[in-house]
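You will see chain A twice below: alongside chain B first, and alongside chain C after that.
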Partner chain A sequence: MNTTTTFPLLNAINELETHFDFQAIAKAKLQETGLPTVRDEAWRFTDIRALNQLDLPVASTDTEFEDTDKWWSKGIVNAVTVPYVNGDFDINAELPEGVKLYTCNTAPEELKSQIGSALTDDKTPFVDLNHVLAKKVMILHVSKNADVSRVIHIKGITSADVQVHPRILVIAESFSRVQIVETWQGPAASRYFVNPLSEFVVNAGAIVSHTKLQDDSKTAFHIASIFVKQYGDSQYINHAVQFGAHVGRNDIVAELAASNSVCTLNGLYLPTAKQIHDTHSLVHHAMPHCESHELYKGALSEKGQGVFNGAIYVHKDAQKTNAYQTNRALLLSDNAKVNTKPQLEIYADDVRCSHGATIGQLDKQAMFYLQSRGLDPEVAKAMLTVAFTAEAIADMPEVELRDVIDDMLIEHFSN
Partner chain B sequence: MSEESTLADLQEYTDTDYKWGFTTDIEQDTVAKGLNEDVIRFISKKKNEPEFLLDFRLEAFRYWQTLEEPEWAKVHYPKIDYQDISYYSEPKKKELKSLDEVDPELLETYNKLGIPLEEQKMLAGVAVDAVFDSVSIKTTFQEQLKDAGVIFCSFSEAAHDHPELIKKYLGKVVPYKDNYFATLNSAVFTDGSFVYIPKGVRCPMELSTYFRINAAGTGQFERTLIVAEDDSYVSYLEGCTAPQRDENQLHAAVVELIAFDRAEIKYSTVQNWYPGDKEGKGGIYNFVTKRGRCDGESSKISWTQVETGSAITWKYPSCILRGDNSVGEFYSVAMTNNFQQADTGTKMVHIGKNTKSTIISKGISAGRSDNSYRGLVRATKGASGARNYSQCDSLLIGDQCGAHTFPYIDVHNTSTSVEHEATTSKISEDQLFYLQQRGIDEEDAISMVVNGFCKEVLNELPMEFAVEARKLLAISLEGSVG
Partner chain C sequence: MLSIRNLKAAIEDKEILKGISLEVKPGEVHAIMGPNGSGKSTLAQVLAGHPFYEATEGDIEFQGKDLLDLDPNERAGEGLFLGFQYPVEIPGVSNTYFLRNALNAILEYREEEPMDALTFKKLLKEKMEVVGMKDELLKRPVNTGFSGGEKKRNEIFQLLVLNPKLAILDETDSGLDIDALKVVSDGVNNFRNEENGVVLVTHYQRLLNYIQPDFVHVLMEGKIVRSGGKELALELEERGYDWLREEVN
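Then we have the complex of A and B:
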């Protein structure tokens, strides 16, 4: 890495005392190698120079914040909300039956020991940064066989001019069912940096739905790392919608560590103005008879930039793997850019793996059909664009939220 | 079919020895090992080159010293000691006017390779510029080509006879600063082919070169330049076999193609260099930079390659589609076995309007090999109406090998359509069963399925090459089953 580059963003770690070995290691690593730049393969198209140059203080518990309703708020009125404000949360928040909330100090040893257990070697430097600067780990424990009736809403709120490093661990015990919605917001037109690190441990037979809606300020930076570890017969369903932030990035790593697990990763990105929306997904098929499905869709307008890097890694023993990935992007402006790299690495021979990527425009025949029915070209275009993008979230289990997002899409593309 | 018999077959066929492994004992005029400015001056002097070529070489060498060897490719090999290679080697006898003067041993080598020069003259259609190590020995069909106005000669000859053309086009598609291996080649290239097709000429025959690496411990640094003027057409074939060697040999070639208005260049390669033995020892390191530029409107460049040899293949034949309505094509079969590693693919850069490109890549991995497709499709802002279709299929034979795809797609305008598809699978047991129950033995059945898998690419090859390519695939593949 370029040693001449300096990273004012890292000023926050220099004076900091570390309490654990892993923090000291992470700190030393960051001080040695710094943050990624466009010279790093995984960040080639995602220019975060502006972020690296920000010298922001880490938010403290008394930093003021604003909790305003957003366009999506009405989609989650029936959920149980746990606010995660500037990296801090209320340990006594009320939760539905079967779910318990802990942090490091209150969690029983067997849960505490699972912190970091879903992490793989595919960590970005931002994971290290989170290790050093995370203040309070949110541990959500779903007990065995629990069928959680209400959606749990983790409401991330960040204040202006700070950096925040939230850390979440969700442990779904065997045969439990839970739906988690994660949202991120901050004051409009403000500048801040939020770097959430989430781990999902999905035990045998458990079903976890994880929906993430990123609606940060359009001048903020949101770099998230999500690590999922799945055991036998489990299901993990992720829907990631990127709407806000100047640079929004999700690094999702799912490890299918036991047979018959199914992983679904769907996503939607809608960069406009000068936004960059980046998704890096990596599915490790480590054991036989697992399935993974991915569908990512993007519609890019103005000077928006979309980056997609989807890797499927089939390890030697993962025979009978079925992996499928699609990335489709629609360019609505000549100034928009898409960089796509679907990637397969396969070391087992009895597998079915495929990926497809398309970049293009709306189907001319479909446009003609709608216009021949008397619709204006603009209306026809908006209709088709909405239909195109809505497909990525069609299977979202949180139906009310999905409907709200659908409405937003209609509004977004009608202008 | 049982797993055991499958494995036994695999064993049997992966044990197949390299059938083209033989060496010819001829005296070589070889420069001492090592790379410095003196060696480059020596090469340039030896070839009696014009001043500008020496300057080009030295400039490249000075730049090369500032570079680091790239490590991004999915290939692993021990560090190459560039000072432990001899950068110039040529057979002693030179300036031959007729076949009688050619070293009989050399002719024998060609006979073993299946290109008897005597017969070549009679066989209409193919002119051969045979490169034995670093110096072109014999060029045939010169006269006929001359009548058509086509220049087809070795690079050194071209440097003497047509310095103005070399000066005008050398390094224009692959500049000496392009990449580590291209820079190295620019400094030390020894020979290669030069083709110039004048305006409106359709080259009367298919042009072909057989490369052959011979002397132990010498690298081969070929440089090929093909220029097709307006409304011209040329089909160029390149084929390679190499003798069996223990020591790894480095090959860093550069191929540059330029097509002007409505010109078409078809470049076909069959590569069967020594891939190393069953333990992965030895074999050729093949680091090649191939690039074509469609400068003129409606021009076309088509790459077809069948890669079965080399211990390591690092090769991305590319097209820069600058002219409006220009077309780029890439058809590839890459087959790896034992410990071979291939990282190959293409780049299609769409700059002109309504440019089109097609990529068909078929990767077959067997044994303990690794086979990667790495490609780039880019449509710049001005490339309105650009169109790309890519298809990358991989076939896995055995459970020790790997198949990988790394396609990069960058689009910067709204009217471009890019489609990319990739699949990975093994040979279907149903298909094999069907063929076998029709009385076709297992080996032939596999060969048929694999040939079918590669058919789209093999069909693109000129007749002579298609036959050779099928044979090569059969040798490398026969009987293997997943």
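Then we have the complex of A and C:
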């Protein structure tokens, strides 16, 4: 295949010299097979032709950067912020006790060797693209038993007309506790492509909260891959909220690699205008006595499209697995659309798995009730919609951020 | 304050109200009674502007305005309140948040200043005492997980906080035990004054032992077949509706 003509986005990799074997492999693979299209099952409802067509340069330190911080940024209080601007960050950023920041050049060998350790075979071509084009790997190391008092806010910012491939590795050592917040933004109405790849290695007994707020430009593309590897008695709690991007997608793969680990994946998707918000989750139950809980909610307006694909894979050794998954969507217009697909593969015989999906509209009785008390139909609609979404973020441990997201939701649905 | 003239209303082309006329003046309490399916609840819903019902004929004047021209929220702004037979559960919206927004929306409609947080809090406290509502119910989502009695109490609480000109209470007494009935009635009596009006829609006479109506109207098959004073309710209690049905036919 002539990938250059079909996928101008890949022009960025052609001239590039690779430094490592994994990069060379990734590059060769991309040059051979290209990027996904709607003909690929996993991208059937997520048309990224417009992205594939973009011939964007990779952001560098020379890329012009305009600090147009969104209002919600200031609401994330009690956090230590590490800006990740156009794929670059300050290695000397100050961090709370128990957490250290490295990149490839500065990380001790035993940490560096863990890059890629949480990845599974469930990689999209965008993981390969990140392998080839990532500039500076952000490694956050949380030491053993550390109970990190402050939220770590990785603040991703992208400039217009570039592509950026942020790469994050979080290693939470045994019995540590940490809260990581990831936010993404860029200049309003600008076009860019951000392709973050993050790995979370959650060691025995560690508890990691990972909240992601995507508020990119509505004409940008945000395709993220998150890989989580959990060891015994660990907990990983993810909340992913998608507001922005023309196409916003999260591919989350969690591997429960040792017994008694608990994985929670919650999220909100809120496409409007012609946005597409896609969530692909995949939970590998590899070992017995693990739990996974998933709750996703979508509120779609105008011509917004939602895609949810929730896969649960219970391997043959994973007896006593307890896994449930729910996706609920609220269609606020006749033209909004959601495609939802649960996918359960179970090879153990003593498990509890359930899934549910509902698609509905605003309750007319509730609308009338609120209106009969004096509320304008638009206000009533916003109130009911925000209430509908509340459940998906109710357990977010970062309470201040949740309040900020509440305000964002009210603003979003009041327009 | 309310004049209904020859009102006909339908749901999905099925005519339910077949020509109703009713006059409510300030300070009056009217009871609308009648057997199941007579159109009592339909009348209440049409007055509040439920979108499922269509008024096909006649008119309703409320406070000098054509009520049928107004949206449900505008009707509330003008001072109309419907106490629901089945109050709707609104998960995720706290009672306080809801009421504050509702009250301020009504004030905004009347081009008045919104109520400040402190005054609002005082108002809530005062009205909570009237209906014996616990603090905890204020923080809970509207009606969510409330018992039948708690829901009805919450309706009366909203009535007192919003303080409308005209309260239409649709089967507010249904499903209540005697203690709850007393609380709800006390609330309505607390609300009553020379300037406002109350329309009680009820199936049973027992509510009228606690709230004394000035007029009783009997609705049957979409028409008011008899009007009288409170003694009419007692007669219905004693004799049921059949004698009236026979007399009408």
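FYI, the second predicted complex is superposed on the first by the 392 of 415 C-alpha atoms of A that agree within 3 Å, B and C clash if a C-alpha of one lies under 4 Å from a C-alpha of the other, contacts with A are read in each partner's own complex, and residues count from 1 in each chain.
Convention: contacts are C-beta pairs under 8 Å (C-beta built on N, C-alpha and C of every residue); 3 or more make two chains touch, one makes a residue touch a chain.
The structure presented is a predicted model; accordingly, all values stated were derived computationally and were not measured.
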| item | value |
| --- | --- |
| Chain B versus chain C as contact partner of A:Ala357, first or second or both or neither | first |
| Which of chain B and chain C A:Glu41 touches, first, second, both or neither | first |
| Partner, of chain C and chain B, that touches more residues belonging to chain A | B |
| First (chain B), second (chain C), both or neither touched by A:Lys337 | first |
| First, second, both or neither for A:Ala366, with chain B first and chain C second | second |
| First, second, both or neither for A:Asp376, with chain B first and chain C second | second |
| Chain B versus chain C as contact partner of A:Phe388, first or second or both or neither | second |
| Which superposed partner A:Glu345 touches (first chain B, second chain C, both, neither) | first |
| In the complex, chain B residues that touch chain A | 72, 381, 394, 396-426, 482 |
| Complex contact set, residues of chain A against chain C | 363-366, 368-377, 379-380, 383-384, 386-391 |
| In the complex, chain A residues that touch chain B | 41, 45, 316, 319, 329, 331-361 |
| Chain A-facing residues of chain C, complex | 48-52, 71-73, 75-77, 81-82, 84, 87-93, 98, 101-103, 105-106, 109, 141, 158, 162 |
